[in-house]
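Notes follow the structure.
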Amino acid sequence: MVKNGGKLRIGIIGTGLQGRRRAEALRQFDDAQLIAVSSNLPAQARRLAEDMKCELMDDWDKLVIRQDIDVIIVCTPPDCHLPMCNAALENGKHVLCEKPLARNPEEAEQITKLAQKKGLKLKCGFNHRHHPAIKQAREWFDQGLIGEPLFIRTEYGIGGRPGYEKDWRANVEIGGGGQLMDQGMHVIDLSRWFLGDFTEVTGFLQTGYWDIAPLEDNAFCLLRTKTGQVASIHVSWTQWKNLFRFELYGKDGYIMVEGLGGSYGVEKAILGKRAFFEPFKEEVIEFRGRDNSWEEEWREVRSAVREKRQPMGNGQGGVEAVRIAYLVYEAARKRK
Amino acid sequence: MVKNGGKLRIGIIGTGLQGRRRAEALRQFDDAQLIAVSSNLPAQARRLAEDMKCELMDDWDKLVIRQDIDVIIVCTPPDCHLPMCNAALENGKHVLCEKPLARNPEEAEQITKLAQKKGLKLKCGFNHRHHPAIKQAREWFDQGLIGEPLFIRTEYGIGGRPGYEKDWRANVEIGGGGQLMDQGMHVIDLSRWFLGDFTEVTGFLQTGYWDIAPLEDNAFCLLRTKTGQVASIHVSWTQWKNLFRFELYGKDGYIMVEGLGGSYGVEKAILGKRAFFEPFKEEVIEFRGRDNSWEEEWREVRSAVREKRQPMGNGQGGVEAVRIAYLVYEAARKRK
Amino acid sequence: MVKNGGKLRIGIIGTGLQGRRRAEALRQFDDAQLIAVSSNLPAQARRLAEDMKCELMDDWDKLVIRQDIDVIIVCTPPDCHLPMCNAALENGKHVLCEKPLARNPEEAEQITKLAQKKGLKLKCGFNHRHHPAIKQAREWFDQGLIGEPLFIRTEYGIGGRPGYEKDWRANVEIGGGGQLMDQGMHVIDLSRWFLGDFTEVTGFLQTGYWDIAPLEDNAFCLLRTKTGQVASIHVSWTQWKNLFRFELYGKDGYIMVEGLGGSYGVEKAILGKRAFFEPFKEEVIEFRGRDNSWEEEWREVRSAVREKRQPMGNGQGGVEAVRIAYLVYEAARKRK
Amino acid sequence: MVKNGGKLRIGIIGTGLQGRRRAEALRQFDDAQLIAVSSNLPAQARRLAEDMKCELMDDWDKLVIRQDIDVIIVCTPPDCHLPMCNAALENGKHVLCEKPLARNPEEAEQITKLAQKKGLKLKCGFNHRHHPAIKQAREWFDQGLIGEPLFIRTEYGIGGRPGYEKDWRANVEIGGGGQLMDQGMHVIDLSRWFLGDFTEVTGFLQTGYWDIAPLEDNAFCLLRTKTGQVASIHVSWTQWKNLFRFELYGKDGYIMVEGLGGSYGVEKAILGKRAFFEPFKEEVIEFRGRDNSWEEEWREVRSAVREKRQPMGNGQGGVEAVRIAYLVYEAARKRK
């Protein structure tokens, strides 16, 4: 598959913020070549094509059949993921697809099964796994520094902006859900990455501020693994001061990640150990630089393709995150 | 009832940390006179009596029948609350009883009903309502600065100490529950104070580190009012670095309280407003002094007695907090 | 002067980090047109010209005589400032010159006097005046919120990087001084902006870590105005964790600025009032976005040109900052 | 000298805040016996004597001649230090004397020389050396974790209270100086403890807010050792939010201490290492408990007596701190 002097050749569908970020990330890689971009917003697409000095294609379905492309990056709203990913896979392209993988578990599974069947790599855009503080957290965790895990406590939110109720995010047909299907995907995925699969789910949904019913602007979820670890998750579109906080407690200590850079404040990884008779001591690492998670995400796609293995945060992870969100939705519906 | 030159005369049962704190708080009041203390730990009781220059009584049941006492403060473990409070009430004393009001909702209701029947004041020891940052939060809230409330997010925890599994707190016969019946009482009470009665409850319990099954060392609770406000509560005995955090979000802003002084760090009250197009701005008040909640708690008891009204944080609040904990226990049991 | 349909036409000499930042800032202005860039580093210059879609000129002395340019931005090391600024001014261009205005007070005065004689605008690149937290500080100060000023305490520093001793900054012939002539310029300028002219100066220099004697890697300065206000300044190339802190105390309160974004951490402006009997209260504003001081700097150049007035942070300010640094150098020399 | 079953027997002169703190500290020591207290404020003295269950003596000169006392603790204003310490030493008592050791270098030397001549222990009340975060800083420093020291930057201040200009601290005859002779003593002593003797001194004094001229409410000092290390010190009575900050930079890293507990906020010790290519990493220890420096101070007195050695922070240190303050005063006078 990988020809062109060993370069991976890429096409991007969707040229909004996420498409641009992923396009710019490719610049860091000598062996990545952005061939073309496509979007149904022509002006936006043209700007990106110009800035990236690549082709502009009007129709995404023509992009995905090009022979000179190895990987398709899908950065459109969720309702397009199924047709676009499947078309790309059918045409033998590896796929990196923005989260959520699809609008619902069924769609997500279709994509994932097709990738398996075709023997192609499918990565879901869980870029948070590649944030430096999260990577640091994972490293500490894998070294056993906090011992056996007990629970995760995580909050992720933004305040939105006037008119949020008219955003595509407020349209269930497009997004498949509310904030839980949006930023919720990341924290569900991270929780599962650290604790394993969840077998039990409960939670409350709230449509508190934005006029987006039946979608939620706040979701409070409790997830539990078969062995009893708990993840307590809150995601919010009424978090008036942007917040990302991820806390993981184990029998021997704890790890916290705060901030994601930019509007979320400086990204920090913090490690503390259980010590009953000593003053509280922490190791604090600040990642003050810009967010390089998009490059790291691509690095993983590239490695997976080259090493002929599934990437970390792959289609199965994408399915699971959506599935858990839907279990919360179901639990909430039953409660009413 | 109040004679003795207008002074309120007080007896304290239980001379541990909480008994001592409440005894020392009385020193600040010219019109409060600590008459006697009693405990089944004679050495501890003697030290307190000496320090406070008051009488030491061997038997609490003789203390509660003294004619020269107006108020009984009960600071014993929860299994003693019902007999002690009821004896005090039967003998015409007002009562301030350490939280939880009792081991279970039934006991708590017995106490509260007796107080009502007797026309006596009953306050449950929810001293957190009197912490300066919480008072500040309440003031901002009452001024409407954050608008209609949406949700509360609160975490309260300590790390325990070796041998915690042998503490009376680990004995269900004494405490009636685990950490939810311990520090959980405060955050349930505060949540109810701000949001009103909860009509729906879900949650997970965990016995993760301490060998105290069937009691929980971690409780994750979601509570909801009839009008849809949510309280997300986590209390923990495996919070290796002591933490108190109480966050209240409304349609127009948010209030946070962090710290309680001492081992919980500086107590802060923080106010932020929803402002989509401006940099994040907060008003931050630090209460660096010592914890004066115990004096303020007594001030409320005194005022309630003098003004012939029920105190804030009264028996009914005590009943409700225990009732909600038990709803969580029940929900968790059903899940198994 | 301003023709071309009201657009200001700009040439940039020096295409390193500062040249690039100022070029990118111009993009935000519809009425600014970057005509050409020039540098003695051809590859770097070519990249910038390509990215900005402007001309590349090999020789700066041909750039400054072009008739289709209104403003020259000088972003070269300090030893080039005198010849470049003067050539630009002689050819009727307004000038924005990176700090320090020149290597020593005499050179700085030559530039400033020529600008005055020619009636042209000269701004020294004190972009820190345009940082949002500094602007906020100035606004609070001008509103009288902290009353009459007493003193400034400010620290600014970085840790350098291996090989710093070979950087042009370590060459006295190029830079005219060490860290005091580098980041020191900003905090001297800010101190003077808030407190007025300094009439008395003392200080210690240190060459503690970097092999750059006789240049200093640390400068500790005390400056005093005629009316007794003090500025205590420390600038450091051995500040192993980047730091910017600017504290201004007045009779009625204080203002602090912490961070500058990026590697200096989130930029914050903090206001506190003198209040003897109340808990410590502060207003805290976080500017989490990217650094927009470069656009704001240009906005001031543009306004000064349009309004036919000298800009804020003009040549006279540039002279004063260098003069004060040299007074510290002199005081330090005498001490030896 | 030490008889009484091995107990050290103590008399305290001065029963204000510092006298009380030192009396209460003695309670922690089984082998310390507070025999008597004395003060020219009889009511205050009586309260302390009652609380400590020790004798009350009207006249300090009778206290210092008692045969049943081994150590005199002097906690009076500075003008009394010389007569009291000398009388105690003449009568064979060891002395712990509140800082400053005396009003001026000459008085301080008289006391120190007499102690030497008599072979008695003399400790100056530099309790900050015994604060847990400072002890931690010293431990890290002694382990070589920050390498060769470069400089210290330290700020210490309070906001005072209305009427401060009438406090004895505002009387040069009593205190010998202003804020530099008050809290300044601690930071001068700490700086000298870490960097060694200072051979060069400059600084500015300010009487900015309080009506206490010729005394200073702010002192800005720069001190330098023979080998070039610098201490930059600012002490203030117009620090509207109480502050203690002590930063020590070395060639390989830095140590910071922030807070002292109580009104200064949580006491923290922070260690960072020079690391050019890594994200900023720090080890942070929080000492959230109460201030135990007074017990630790006594522990050092006790050990010095028992081990027949001079204590840490002894008379010579007391002389040096006052001498440096006076060098700053002199430098400031010359400037005028």
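Things worth noting here:
A, B, C and D label the chains in the order they appear, each numbered from 1.
Here, contacts are C-beta pairs under 8 Å (C-beta built on N, C-alpha and C of every residue); 3 or more make two chains touch, one makes a residue touch a chain.
From a predicted model like this one, the values you see are computed outputs, not experimental measurements.
Residue-numbered contact pairs of B-C overlap by over half with those of A-D, the repeat interface among A-D, A-B or C-D. Among the remaining chains, the Cα-based centre furthest from that of chain A is the centre of D. Distance between chain A and chain C, defined via averaged C-alpha coordinates, is recorded as 41 Å. For chain D, residues that reach two or more other chains under the stated contact definition are 242, 280, 282, 286, 288-289.
Interface of chain D with chain B (complex): residues 242, 262-266, 286, 288-290. Within the complex, the chain D residues that touch chain A are 132, 279-289. If you check the complex, the residues on chain A that touch chain B are 150-151, 153, 155, 159-162, 200, 202-204, 206, 208-209, 218, 220, 222, 224, 228, 230, 232, 234, 236, 238-242, 249, 251, 253-254, 272-276, 280, 282, 335.
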